[in-house]
Amino acid sequence: MSELFDFGQQILASQPFSALLGTELTTFEPGKAVLSLTVRDELKQQHGFVHGGVLSYLADNALTYAGGSMLGDSVTSEYKINYLRPAIGDRLIATATVISSGKTQAVCQCIISVIGEQGERHVAVAQGTITKATPKA
Amino acid sequence: MSELFDFGQQILASQPFSALLGTELTTFEPGKAVLSLTVRDELKQQHGFVHGGVLSYLADNALTYAGGSMLGDSVTSEYKINYLRPAIGDRLIATATVISSGKTQAVCQCIISVIGEQGERHVAVAQGTITKATPKA
Amino acid sequence: MSELFDFGQQILASQPFSALLGTELTTFEPGKAVLSLTVRDELKQQHGFVHGGVLSYLADNALTYAGGSMLGDSVTSEYKINYLRPAIGDRLIATATVISSGKTQAVCQCIISVIGEQGERHVAVAQGTITKATPKA
Amino acid sequence: MSELFDFGQQILASQPFSALLGTELTTFEPGKAVLSLTVRDELKQQHGFVHGGVLSYLADNALTYAGGSMLGDSVTSEYKINYLRPAIGDRLIATATVISSGKTQAVCQCIISVIGEQGERHVAVAQGTITKATPKA
């Protein structure tokens, strides 16, 4: 695995909320990041679908990773997400890519799929701005 | 408490993900919903701030509640969120209001504050579309 | 009129696209901007409503003005807009306010109304990020 | 040219605002639409770049066309746009594609390029919801 991937895994391991949800880093290379998550009952809403907040979290985090692959330590400044269908299945895959990157900001997109009985289906798509973190004195 | 509020609490209690995070419904009336959440370490990212995914989840859920106060059983179709500053504090408050509501959709806004040593400060603002759920046969 | 308002009018007068559409600056004060526009046939789409692109332009410009009232010369980095109903009427009013402002960026919201036979009605709502322009060497 | 393309051109010709701006339909096929526009001074802002409102208009319209290729007569319900760099050049190309489409709504993305001395460069990217128009009685 690359240095970048190791760095990415350390960040993920140091995010208590990502540990709580069970997020894994699958791909992390310049311009691209893939996060995945095993669906379990705790992550669902009242109809048995994965809660939209879980999809949002995944999109947010994958967008930050994609931007961070170009910018280093980064935060998501803003994003929007469209839900495409109920997320029913066993595993979520969030794939984020960099559309445009400058010195301090990157614009990224993310598509989230669920893998289940019906194969892999898109469940959400997101777009947002990632900003390089400014170190504190 | 009103019937609407009781209905809202039942929905929240039946969302395993909301139970995992510890979300509480504070206000639920026509056109407005307030959700709150006690910050704990499990909800943080690597710098000790509340993870953006938690703020997103809260925004998403509060927007759905606000829309649902007009439409009945509803889902969030899409939303966007801007993070305003790092969320450092003890308690998150997400206040969502309906901007416009029709027969099947409502457009809502949400502002999230954190309450901590520095008083109450805005940490995120969101806007999105809530759609009436279509009952399954 | 204030110096800020004069500055705002000069900017508007130097935007050929705003002149083409006939935009006027009504209010420009710290944290708030109001732009207005007289509806004419050239600004409509195929059903006789004001074209969504005109509403988008107004939202974009009003957001930039609101942010610029805090940051000085600024650009809109991104925004989202929800259309609420067809824009039918005589005059459009876009009111933008600053939600949060830092050294280089501001997050602003904008609501657009149309004034017509049915009084004043909201037709769109927007939220976005305004960034201080970086002077070229 | 296809029937769909002819239909698309009729719609564009019946939009006075598109005529005012000089928009042309280049591609219109199921799931995809391309609009283009020759840059002229009237479409610029105070720094000589194409006004963001023109890019927004193009994104909005291209998104509607992409969604409309699946849904028939449609409107944009909402979208977000990120500006990537100043739009300097001779011609704008907005390419919109359908990400997901149902009976009444489609989620689409759009990328806008400018063609100029530096070749073709991305200047904005957008994502939004297109809704099938409901015929009036």
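Residue numbering begins at 1 within each chain, and the chains themselves are lettered A, B, C and D in the order written.
What we mean here is this: a contact is a pair of C-beta atoms (placed from the backbone, for glycine too) under 8 Å apart; a residue touches a chain by one contact, two chains touch by 3 or more.
Since we're looking at a predicted model, the values are computed, not measured.
Chemist: Which chain pair shares more contacting C-beta pairs: A-C, or A-D?
Modeler: A-D
Chemist: Going through A-D, A-B or C-D one by one, find the pair whose contacts repeat those of B-C for over half of the pairs by residue number.
Modeler: A-D
Chemist: Taking each chain's centre as the mean position of its Cα atoms, how many Å separate subunit A from subunit B?
Modeler: 20
Chemist: Using mean CA coordinates as chain centres, what's the gap between subunit A and subunit C in Å?
Modeler: Each chain's C-alpha centroid was found; their separation is 33 Å.
Chemist: Go ahead and note the Å separation of the Cα centroids belonging to subunit A and subunit D.
Modeler: About 28 Å separates the centre of subunit A from that of subunit D.
Chemist: Can you list the residues of subunit A that touch 2 or more other chains?
Modeler: If we look for residues of subunit A contacting two or more partner chains, we find 77-78, 80, 82, 107, 129.
Chemist: Among line, ring, star, complete and other, which best matches the way these chains touch?
Modeler: complete
Chemist: Over in the complex, which subunit A residues touch subunit B? Could you list them?
Modeler: 11, 14-21, 41-46, 51-54, 56-58, 60-61, 64, 75-83
Chemist: Inside the complex, what are the residues of subunit B that reach subunit D?
Modeler: 77-78, 80, 105, 107, 129
Chemist: Spell out the part of subunit B that touches subunit C in their complex, as residue ranges.
Modeler: Residues of subunit B touching subunit C: 80, 82, 84-85, 99-100, 107, 109, 111, 122, 125-129.
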